[in-house]
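Chain lettering (A, B, C and D) follows the sequence in which the chains are written, and residue indices restart at 1 in each chain.
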Amino acid sequence: MKIKSNRIFRKLLFCIMACVLISLPLLGLSNFVMRLAVFVWIYILLATSLNFTSGVAGQVSLGHAAFFGIGAYVSALLSLKLELHFLICLALAAAAAGVSGWLVALPAMRLSGGYLAIVTLGFGQIVYIVLLNWIDLTRGPMGLVGIPSPVLFGIEFRKPQSYYYIALFFCVAVLLLFKNYIGSRAGRNLMAIRDDETAAAAMGVDIYKEKVKAFAISSAIAGIAGSLYAHFMLFIDPSKFVGDESTAILSMVVLGGLGSMKGSIAAALVLTALPELLRGFSRYRMLIYGILLVAMMITKAVDWSRYSWYDRMQQWIQRVVQAINRKKGGWKNGAA
Amino acid sequence: MALLEVYGLCKSFGGLAAVKDISIMVPKGKIVSLIGPNGAGKTTVFNLLTGFYERDSGQVLLDGAALDKLATHEYIQKGMSRTFQNLRLFSKMTALENVLVGYQSRMKCNDWNMIFHDRKYRQEENQAREKSRNALAKLGLSRYEKDICGGLPYGVQKRLEIARALVSDPKVLLLDEPAAGLNPNETQELSKLILSLREEGNTIFLIEHDMRLVMSISDYVYVMDHGELLSEGEPKQVRQDPKVIEAYFGKGRVAGAAERK
Amino acid sequence: MQFFTQQVVSAIALGSVYALTAIGYSMVFGVLELINFSHASVFMVGAFLYYILTNIAALPGLPAFLLSVLITGFLGVAVEKITLRPLRLNNQPKFASLISTIGTSIILQNIMFLLMGSETLPYQTLFPGQSISLGETRISYMQIVIVAVSTMLLVSLSLFIKKSRAGMAMRATAQNYDAAELMGISVDSVISLTFFIGSAIAAISGIFVCMNYQSVDITIGTSFGLKTFAATVLGGIGNLGGAVLGSLIIAFAEVFTAAYINTSIRDLAAFVVLVIVLLVRPNGLLGKPVQKKV
Amino acid sequence: MKKALSVLLCVVLVVAICAMSGCAQQEESTQQTNDPLYVAMAVPVTGNQAMYGEYFSTAAQIKVDEVNAAGGINGRQIVLEVFDDRGDVAEASNLAQKICDDEKYIAVIGGFASTSVLASAPIYGENGMPQMVPAASHMDITKVSDYTWLQASVADEMRNFFNMVVDGIGSKKIAYIYLNNDSGLSGLELLQGFVEGREDIELVAAESFNEGQVSDFTPLLSKLKQAEPETIMISAQYKDIANILKQAQQMDFGDTTFANLGTCYSDEFLTLAGDAAEGFYVSTLYFADNPDEGVQEFSQLFYEASDGKTANQFASQAYECMSMLVYAFEQGATTREEVQQALLGISEWDGLTCTSKYTDRVPEKEGVPIMVKDGKWALAEY
C-alpha cells in the first residue's frame, strides 16, 4: 500500500505544478515577474545542461557560458543578417554551439579533474575575447541591437507573457530528453564513467566517445538557451558571457546537488529570483548574496537530523502524507 | 583447439620484465586457474588479456580469432568479461544498474531510440532488465536490487561484481581473486557457484590465492613465479611439483619432504 | 632592437608579478587540490589593509606591511575554518568547497566595497619613478624589487616545504588526508597553516603589485586572479617552480602579442597558450603524470 | 525520507513563485492632484561603476530638493527613487520592466554605460516612458527608441576633442588609445572621419585595450613611442588614464602631450595620477571653475551636497536631466506621454550648467578645453 500511494501522491503533486506553470502568464502577474519567469526557464536550461556534463558524467566545465554566448550570437547574427525564421536560427545556433562543444571536447576530454576545468575556463575566456574584438562580425563591445522577436504562426512573441510559452516549451522538451536519455543505457554509461572509468571501460563503455558526446549535447542545449536569451533581450553584448556567468551557473548545479536534475531546477529558480528578492537592500545586496551562497553550502554539509526541530518537522510531513493517503486509501481499497 | 589460446606473452615495464614468454590454454567449459606468490605477474597477465596493458609480444586467440589492435572497451564485445582484484563497482548506482551496465555491450539501440523511448528501445530495455534480474538471482542478490551498492556489505559486493561480469554471457569469464577477503563459508558458497557456472557451460579463467578453493574446483592449473611459468598440470600433479613448493615455501620445507620419503 | 629589449624587460616584470600571486595559489591548490577563488579577494584585502594602515592609521611603511600581512594570514585561517572546514569534515564533494570559495570572494569584495567604496585609490610606492637604464631600456626599481621578492619567496617556500617538518606534513596531507592523519599529523592544523602562509603571501603579492601600479581598487583581485590561476595550472598543480615558470610563459605570450600583434588580444594569447600546453602535457609543464593503477 | 524531500522541494517552488509575484504587487496608486510626482533613477549603485551612480543621484537630488523647497510644482512634491542596475546589461533591462510596470513612475533617468542604455531603451520605449540618459552618448541610442533623451553625443564630444588637439594644441601627428568599449570604438570611427577631412593631420597609431585587463600598458606605450606622435588622445575611464600617464612618465615621451575626451575630469583622477598628469589636456562639457555664474552656483551646491566633492561632467549631466524633467512638469505634464510631449517642445535648452541645441533628442554642446597646471585643473593655455 505504501509504495502505491507514494507514486499517486507524486503524480498528483506533479499535475498541480504543471497547471500552475502553464497558467502562470494568465494569472495577471506583472511584466517584471513574467520577465523573471522567462529568465528562470533559460537558467534551468543552462543549469540542467551543465549538470548533464558536470553532475551525471562527472566532467566539470567552467566555460559553459561560452556556448551560451555562441548560441546567442549565432542566432542573433542569422536573424539580423539573413533574416532567417526564428526556429531555423535557434536550430542552427544549437548546432553551432554543439559542434564547437564537440571540437573543444575532442582534445579536452583526454584531461580530467582540475585540468579539464581550467581548459574549459580558458576556452570560455577565449570565446569572450573573440566576441569582444571581432568588430566587423559581432560589432564587439557595441553589441547587436534590434534582434527581431520570434514570429510563429503569425503571432509576434514579444511580450514576456507570450515569450514565456516558447521558453516553457523548449525547457520541457529538453527536460524530457534528459529524463529519457539519463534513464536509458547512455545515461547509465555516463554515470558509470563518473563512478569508475576503469570499470566502465571493462564493461564495454567507450569512455572517450561518451564523454565527448555528452559535452556536445550539453553545449548544444546551452546554445538553445543562448538563442532564447537573444530573441528575448533584443540586445546582446559580450559582457553577459564572461567567466563569472559560468561560475554562477556552476553554483546553481552544485547547490542543487551534482547529478540531480530536480536539484538544478530548484537551484536555478532560487538563484535567479534571489537577487530580485534582495533588491530592497540596495548597497548590501551582493554581500547578502555571497553570504547566502556560503551558508547554503554549509547547511547542506551539516547533518541536520541531530537537531530535534528538524526531526519534528519531518514527522509532521509524514503525518500529513499519511492523512492524505488514508482519506484516499478508503476509495482505492479494492485495488490496493 | 582450446577456446582461449595464449602463445609467448611478454610484457616489461621499463627494465623489469613482468611477464616472460607465457603460454596458456583455456579449453571450453573448463575452469583453469593461474596461481603464484605475490608479485609473480598474475594480474599483469590478466590485464594483458583484457586490454588494459599493451602486449610487447605474443598472440592471444579467442575461438580461433586473434585479439589484437582492440581498444580496452572492445574486449567485452568479443566475449572476455572480467572482475577486478580490489572491487571496482559503480558506488553511487544501484545494484541492478551496475549489472545493467555490465549488459550494455549487448544492447544495440542508438541515441534516437533512447531519446524517444520507442518500441525497439522498450523491448531491449525490458530484456536487459530481465537478464540482469536473472543474473542477480543466480548470485542470490535479488533483495539488494534497489540498494545503492556503495553501502552493501563486502561479500555481497564481491558477488555483485561477478554477476556484472556474468550478465553479458561472455565466452570466457575472468575472475581476479574472487575469494579475497571472504570468510570460509562464503568461500564455500563461491566454489559451489563457480562449479554451477561450469555446469551451465561457462569457461572460467581464475586467479586465486586460496589453495583449497583452487585445488578443489580447477580442471587445470598454471603456476607462475617472477614472470615465468613454473609448472602446469592437473591440481594433483602441481601440488607435488617440487619447484612449486620451493617457490611457495622456500628451500627448508623441500628438504624436510625429501627425508620423509 | 631597443624595442625588443624593452618588451623582454616588461615581460619579466609582468611575469614576476604573476609569479608572486601564483605561488600563493599553488600552495593552497597543491595541498588541498582545491580551486580557491577566494585567494584573489584575499590578495585585494591584503593590499587594502596596507593602504588603510599607511594612509588612515599613518603607520610607517615596514610595521604597516608586517601587520597587514599578519592580519591577512589570520583572515585566511578564519576563512578556511568558517567556510571550508565544515564541508571537509562532512566530506562534501570537492565542488561544494569551490562554490563556497566563490561565495567568500563575493563577500570579501563587497565588504571592501562598503568600507572603501569603488574608486581607485592612489598607492604609496617604494622609490617612485626612479629607474636605471641599460642602453635605452629603462628598468624601474620597483620592477627589480618585485623580481627579487618573488625569487626570495619561491626559494624560501620551496626550502620550507622540502626541508622542514611542517613542510613534509603539508606534502603528506596533499597526497592523502587519511594516511597523513594516521601518521599522527593533525590535518586541521596543517591546513590552517597552509591557508595562513597562502594568505600571507597573497597579501605580500597584493601589496607589491599595487605598489608597482601605484593604485588599488576592489577589482584588482579579479583581473589578476584568472591569469595567475592559469599560470599555476600551466606550471603543474602544486609545483612551486612550475607556478613561476607558468607565470613567465603567460607574461611573455601576453606582452609579445600586445607589442607585435594587437594590444587588445593580449589576454587571448595567454589563454590560447594555456589551452594548448595543457592539451599537449595534460599534467602541466612540471607536473608529474600520475600512473593510473588498475 | 526521499518523498518528504520532494514535498519540501515543491512547497519551496510554489512559495518562491508567490513570493516573487507578491513583491511585484506594489500598491497601484492612482494619480490624484496633490500626489507626488515619482521619477525613477536606474544607475549602478554597487559594482565597479558605483562611483558614477553616486555622482548622478547626488546631482539629481540637488534639483529635486531645490524644487521641493520652493513648494514643489503647483503643490506637488517630486520624489526621486534610485534603483541599482550594477552596471549589468540583463539587470538594466529587468529593472526597466520593473519600473515601467509601476504606474506611479512618469519618467526615468537611467543607465550609465551605453550597453545598459541600449538594453533598457526598447522596454522604456514600448511603455512610453521618457528616458533621460545622463552620460552615455552612443549614436544608436536615439535610434533604438524614440523616448530616449541624451545629454551628450559622441560625435559632438569627439569634434570638440579633435578641434582642441588640432587647433588648440596644434599638433599634426596624433595617436589614439581607446578602451575597447562602445564610446572608445565609435570615437575611433569619428576620429578617422575627421582626419580624412584634414589633409595636414595624420593618425599615426590607434591601439585599444580591454576592460578588466591587467593594468600593464608598457607594450602599448612603447609601440606608440615608435610612431612618434605629437599628441596621444585617450578615450578611457580615469583609472586607466592615470595608469597610462604614470607608466608613460617612466618612458620619457619627451614633449608628446596627452589629452582626454572628458571622462577623467574629477578629483579622483588628480589624486590618483599625481604629478604624472602635469600638462594633461581635457576637453570637457563642464568645468567647475568656469567663471560662468550658473556653473559656479552648481559647483557650490554640489560641493555641499556631496560633502566636499568637486562637480564634474557626470554631475552636471544628471542635474540637467532632472532640470529638463522639472521644465516638463512645469508645463503641467503629469503623465508619461505629457512629459514626452513637453520635452519634444525643447529645441534650445538653456540650463544652469550649460546651453545646448537639441535636434531630434540629441544635444550639441560647446566643449571647454582645460588642462592640469601644477596639480590643479585650469582653463587650457597652449
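One rule holds in what follows: contacts are C-beta pairs under 8 Å (C-beta built on N, C-alpha and C of every residue); 3 or more make two chains touch, one makes a residue touch a chain.
Everything numeric here is computed off the predicted structure, so don't read it as measured data.
J.: In how few steps can one go from subunit B to subunit D if every step must land on a touching chain?
T.: 2
J.: Chain with the smallest distance from its CA centroid to the overall CA centroid?
T.: Most central by this criterion: A.
J.: Measuring centre to centre with C-alpha atoms, which chain is farthest from subunit D?
T.: Result for the farthest chain: B.
J.: Please tell me the distance, in whole Å, between the geometric centres of subunit A and subunit B computed from their C-alpha atoms.
T.: Centres of subunit A and subunit B (C-alpha means) sit 43 Å apart.
J.: Could you work out how far the Cα centre of subunit C sits from that of subunit D, in whole Å?
T.: 36
J.: What's the distance between the Cα centroids of subunit B and subunit C, rounded to whole Å?
T.: Chain centroid spacing, subunit B to subunit C, equals 50 Å.
J.: Centre to centre, by mean C-alpha position, how many angstrom separate subunit A and subunit C?
T.: Going by mean C-alpha positions, subunit A sits 33 Å from subunit C.
J.: Which parts of subunit B, given as residue numbers and ranges, touch two or more other chains?
T.: 52, 84
J.: Residue numbers in subunit A touching 2 or more other chains?
T.: 129, 132-133, 198, 283, 286
J.: Which residues belonging to subunit C are in contact with no fewer than two other chains?
T.: Correct list: 110, 113, 262, 264, 267, 294.
J.: How about subunit B: which of its residues touch subunit A in the complex?
T.: Of all residues in subunit B, those touching subunit A are 50, 52, 71-77, 81-82, 84, 88-93, 97, 100-102, 104-105, 107, 109, 111, 114-117, 121, 125, 128, 164, 168.
J.: Okay, in this complex, where on subunit D does subunit A touch?
T.: Answer in residue numbers: 1, 3-4, 6-10, 12-14, 16-17, 19-21, 23-25, 45-47, 82-84, 86, 88-91, 93-94, 97-98, 100-101, 114-115, 118-119, 122, 138, 140, 143-144, 180-182, 184-186, 210.
J.: Within the complex, which stretch of subunit D touches subunit C?
T.: Contacts found on subunit D: 46-51, 180, 207-210, 212-216, 218-220, 222-223, 226, 238-239, 242-243, 246, 249-252, 268, 271-272, 274.
J.: In the complex formed with subunit D, which residues of subunit A make contact?
T.: For this pair, the touching residues of subunit A are 6, 9-10, 13, 16-17, 20, 24, 27, 29-33, 35-36, 39, 129, 132-133, 135, 140-143, 145-146, 160, 233-237, 239-240, 262, 266, 269-270, 273, 275-277, 279, 282-283, 285-286, 314, 317-318, 321.
J.: For subunit C, which residues are in contact with subunit D within the complex?
T.: 3, 6-7, 10, 13-14, 17, 110, 113, 117-122, 129, 131, 138, 140, 213-215, 217-219, 222-224, 227, 254-256, 258-259, 262-264, 266-267
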